[in-house]
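Look at the two complexes coming up: subunit A is in both, with subunit B in one and subunit C in the other.
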Partner chain A sequence: MIPAVEISGVRKSFGDFTALHEIDLAIAQQSFVSLLGASGCGKTTLLRIVAGFESASSGTVRIAGEDITGVPPHARPTNIVFQRGALFPHMSVRENVGYSLKLRKWPKQKIDAQVDRMLALVRLEGFGDRDPAKLSGGQVQRVALARALASEPRVLLLDEPLSALDLKLRQQMQLELRGLQRSLGATFVFVTHDQTEALVMSDRIAIMNAGRIVQFGTPQEIYTRPSSIFVSDFIGQTNLLPGEVVAADAASVQFRLRTGDVVKAGAPMPLAAGTKAVLSVRPENIRLAKGADGGLRGTVRESVYLGSSVRVAVGLDDAALIWAELRENEAAGLAIGDAVAVSWPDNGALVLGEGST
Partner chain B sequence: MSSADAVASMSTPPRSSGRGGVPLMLAPVGGFYLLFFVIPMCSLFVLSFWRAQGFDIVPTFTLDSYAKIASSPLYRIILLRTIGVGLVTAAITVPIAFALSYLMRFVFERRAQLILQLLLISLFSGYLVRIYAWRTILGKQGLLNSTFTWLGLIDAPIEFLIYSRFAVIVTLVGLLLPLAVLPIYSAMSNISRDHLEIASDLGSRRLYLVRTILIPMALPGVNTAFAFTFLLAAGDFVTPNLVGGSQGIMIGNVIADQFRGTGANWPLGAALAFVTVSCVMLIVWAINRVIRWVTRW
Partner chain C sequence: MVTSGQRRHYGAGIFVLAVLLYLYAPVVVTVLFSFADSPRLSLPIQGLTLDWYASALANPLIVTALRNTLILAAISAVGGCLAGTAFAFGVLKLQGLRLRQALLTASLLPAVVPLLVIGIALAVFFRFLGSQPGLLNAAIGHILVSLPFVILSLNARLETFDFSVVEAARDLGAPPMRAFLDITLPLIRPSVVGAGLLAAALSLDEFIVTWFNVGTQLTAPVLVWGLMRRGVDPSINALATLFLMALLILIIASSQLGRRKSA
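Let's turn to the complex of A and B:
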């Protein structure tokens, strides 16, 4: 199937600063894709290039196979939703939603029917005659969404549309957005700096860093098989322990930590023996056992009660701190100062090369 | 001129939110307004029904002054000319001010403060000084004529540059432009780039965007700017005096003449002023309607 959006070799520079380096990205039709990264990573610039607000310094953008690189925003089959709805204050909610239809000269009855359908979709039936100034933040974003969807764009672009909302509302809207995308069978491209948001909503996530896409995959792939130290650190929380590869075969490596212990771990990329690298272990994979046998030796330094879990910090022999996330019963009996053995299942740790960004 | 109340009524945004304490807070403004606008206007209004007898003014009730205005084609011609000059001035000034505000708001954002300061300096640099400055530009041996002559574009100075209606309009546009920019620019600061981008993203081309988003959102400012320029241009009598020549005479000159010199006739002057104010207010209201209709959504 032809991708909904196909970005090839897109580069963008502002003077000496390169915002995007040769981006290639294909977004499948009817999928929900997030561009995830810290501020300044180029994710918004990339979205704005797809929307047509910025022009790429080089490269092409195709929508449903059609090259739209030089096409102005008003003629593109994409619509965008911004962080702050930017509703037109001199129009009612209904007029806002119908704006794109009226300028396409739809007959009035058709516009009314479509606007009603869109308002129902975002669960704002009966709000049509409201003044945008009298809506709450969540309602504003819903109207902005309805307005962007009204003309049935091939691709909906969302530039951090939930960031200005409070947490509860944001979580609720995340699920609504996801449901909306599924029921419409539309293609959504969502820009966010919030990894949880990206994990909750996306079919696939493109992680961006310094103007590059560093990994593109499903949330599960990205979480369990990060391709680089950056990704593993950026998505979720992880313990990063430096060391050296001792031996490697196709599936796994033997890795020597600074404490001298040698552990077995997976490696997403082939690493030669002798390579300096970093071991990444998620806190929830770590097991602690009282006593000194059956793992790395450590001492409990800190214990934080989080309600659903307990976070325990363990100091290793080389003074590195490692965090474990335990269920309450697993953490019972562990006190600060206790000697513990730290271990994890073989598939619970990954060795990532220093060179990979 | 009574620009103040026209402005006050129009600069209220279309959708205002009611707040309880506002009437009380407006009391000082109301007091000022009463003292310096309503009371003088009322006394002028009363005066317009009195009669001038020689050098005296007799308190009575007569419509003589109004009858004189109605029966004299001269007053009608000058009044129409005045309104014409006012409309043309506003019709030139407001679009320029709109374009300038747009540039300041969305194109030269970083230079906007500097441009604003320059406009304010020009605004406060003295009314007469600025009119004389225009005289040196437009005069027979003025900047334009001498430049054109030097370039060999013309053999003799262009006559209509000075002492003409053209000169009056050019000078008034120059005088009033800074004043028109202020309300429009201030109204435009409520429009964000997001609004413009969303509109174009939804399919709006440039002109459609100006008509459906930019003007309606800046409408309070546009109306205020229009009222400022039209009222001040139509009410001006110094500019026609200095650069207008004989065919540039405006109603303000005629009214001013009724209040001084040997031919003074205060009741007639008051009546003329009232007729002028009424016509001008009616036009401001009508234009306001027209702009609203053209940019309706």
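Let's turn to the complex of A and C:
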């Protein structure tokens, strides 16, 4: 199947500053893809290049196979939902939603029917005659969504549309957006800096850092098989323990930690023996046992009650701190100062090269 | 020490009154005498009349001058608005912040150049071009005088303008001109009209630049200046009062419109 959006070799520089380095990305039709990264990583620039508001310094953008690199924004089959809605303040909700259809010279009856359908889709029936200034933040974003969807664009671009909302509303809108995308069978490209948001909604996530896509995969792939230290640190929480590769075979490596212990771990990239690298272990993979046998030796330093779990910090022999996330019953009986053995299943740890991005 | 404090209070009050009197007495006197039935400017006023207004409007010179003044004001409003809006937009779209500020400052500078200098410079310039003094030259001068103020007020509006709504319109399928007409213009219209009224107000009583460039044509301020040399005729008071009203209306309307963010 032809990708809904195909970005090839897109580079963007502003003067001396390179905002995007040779981006290649293919977004499948009917999928929900997030561009995830910290502010300044280039994710919004990339979205604006797809929308046509910025021009790429080089490279091409195709939508459904058609090269639209030089096409102005008004002639592109993409619509965008802005961070703060950007509703037209001098038009009613109805006029806002119908604006793209009026431009396409639809007959008035057809426009009215489509606007009603869109307002129903975002659960704002009866709001048609409202003034945008009299809407709440969540309603503004719903109208913006209805307005962007009204002309049935091939690709909907969303530029952090939930970031101005409070947490409860954001979580609710995340599910609504995901449901809407599924029921419409549309392609959504969603820009966000919020990793939870990306994990909740996306079929695939493109993680961006300093103008590059550092990993593109399903939320599960990215969480369990991060390709780099950056990704494993950025998505969720993790313990990073530096050390050196002792021996490697196709799927796993033997890794010597600074404490001198040698552990077995997975490796997404092939690493030669002798390479300096970092071991990444998610807190929820860590097991603690009282006593000193069956793992790395450590001492309980801190214990934090989080309601659904307990977070325990263990100091290793080399003074590195490692965090474990335990269920309450697993943490029972562990007190600060106790000697514990720290372990994890073989597939619960990954060795990531220092240099890999 | 309550009494001393209160006495000082009275002192301050008297001072404030004196300053206000100083500021407004000439205007008040002019307005009062425009309604006084005696041709001499003397108090107390015996009776009230509208005769001076009638005689002012019956004087063909005054009518011509008023007509010319209104034409100039209209040209200033429209010309100043078009040029000022285009310039304010142009400056805003520039990339460099420092360049933008430099251009803005350069466009505001003529506001502090003495009008005498502008008037003479324009007269010399028009002579160099071979353009005969007249209403057209004066109109060009009026637009020049009003432009810095028009640019200042429009720039203030555009700096707070959220251009993402224009991008939204473009994104939804509007070509650039359509987006401007559908979205940008309705949203900035109050500021543009306000700036136009301000330009008209500045033009109405402009004398110096006009005098150097209008040649033998009359405008109201030029005519009044000529009449005053032959002594004060109470119909001049009537004319001045009419002017005061027109200016007050324009300035108040302009500031009201400028204050509103959107239509």
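Observations
In this section, the second predicted complex is superposed on the first by the 357 of 357 C-alpha atoms of A that agree within 3 Å, B and C clash if a C-alpha of one lies under 4 Å from a C-alpha of the other, contacts with A are read in each partner's own complex, and residues count from 1 in each chain.
To be clear about the criterion, a residue touches a chain if its C-beta (ideal position, glycine included) is under 8 Å from a C-beta of that chain, and two chains touch if they have at least 3 such contacts.
Worth saying up front: this structure is predicted, and the values here are computed from it rather than measured.
With subunit A as the common reference for superposition, the partners subunit B and subunit C occupy clashing space. In the superposed model, A:S227 lies in contact with neither subunit B nor subunit C. In the superposition on chain A, A:D131 makes contact with subunit B only, while subunit C stays out of contact range.
In the superposed model, A:H74 lies in contact with both subunit B and subunit C. Residue contacts after overlaying the shared chain place A:R104 against subunit B and subunit C alike.
Within the superposed three-chain model, A:T187 lies out of touch with both subunit B and subunit C [touch as defined at top]. Contact with both subunit B and subunit C is seen for A:F53 once the two complexes are overlaid on the shared chain. When both complexes are overlaid on chain A, the residue A:T259 reaches neither subunit B nor subunit C.
In the overlay built on the shared chain, the residue A:H90 is in contact with subunit B and with subunit C. Residues 51-53, 72-76, 78-80, 82, 84, 86, 88-90, 99-100, 103-104, 144, 147-148, 151 of subunit A lie at the contact with subunit B in one complex and at the contact with subunit C in the other. The residues of subunit B lying in touch with subunit A in their complex are 14-15, 17, 190, 192, 194-195, 197-205, 208, 212-213, 216-217, 219, 297.
Those residues of subunit A whose C-beta lies close enough to touch subunit B in the complex are 51-53, 72-76, 78-80, 82, 84, 86, 88-91, 95, 99-100, 103-104, 131, 133, 144, 147-148, 151. The residues of subunit A lying in touch with subunit C in their complex are 51-53, 72-76, 78-80, 82-84, 86-90, 99-100, 103-104, 144, 147-148, 151. Interface residues of subunit C facing subunit A in the complex, by the touch rule stated above, are 162, 164-165, 167-176, 178-179, 182-183, 186-187, 262-263.
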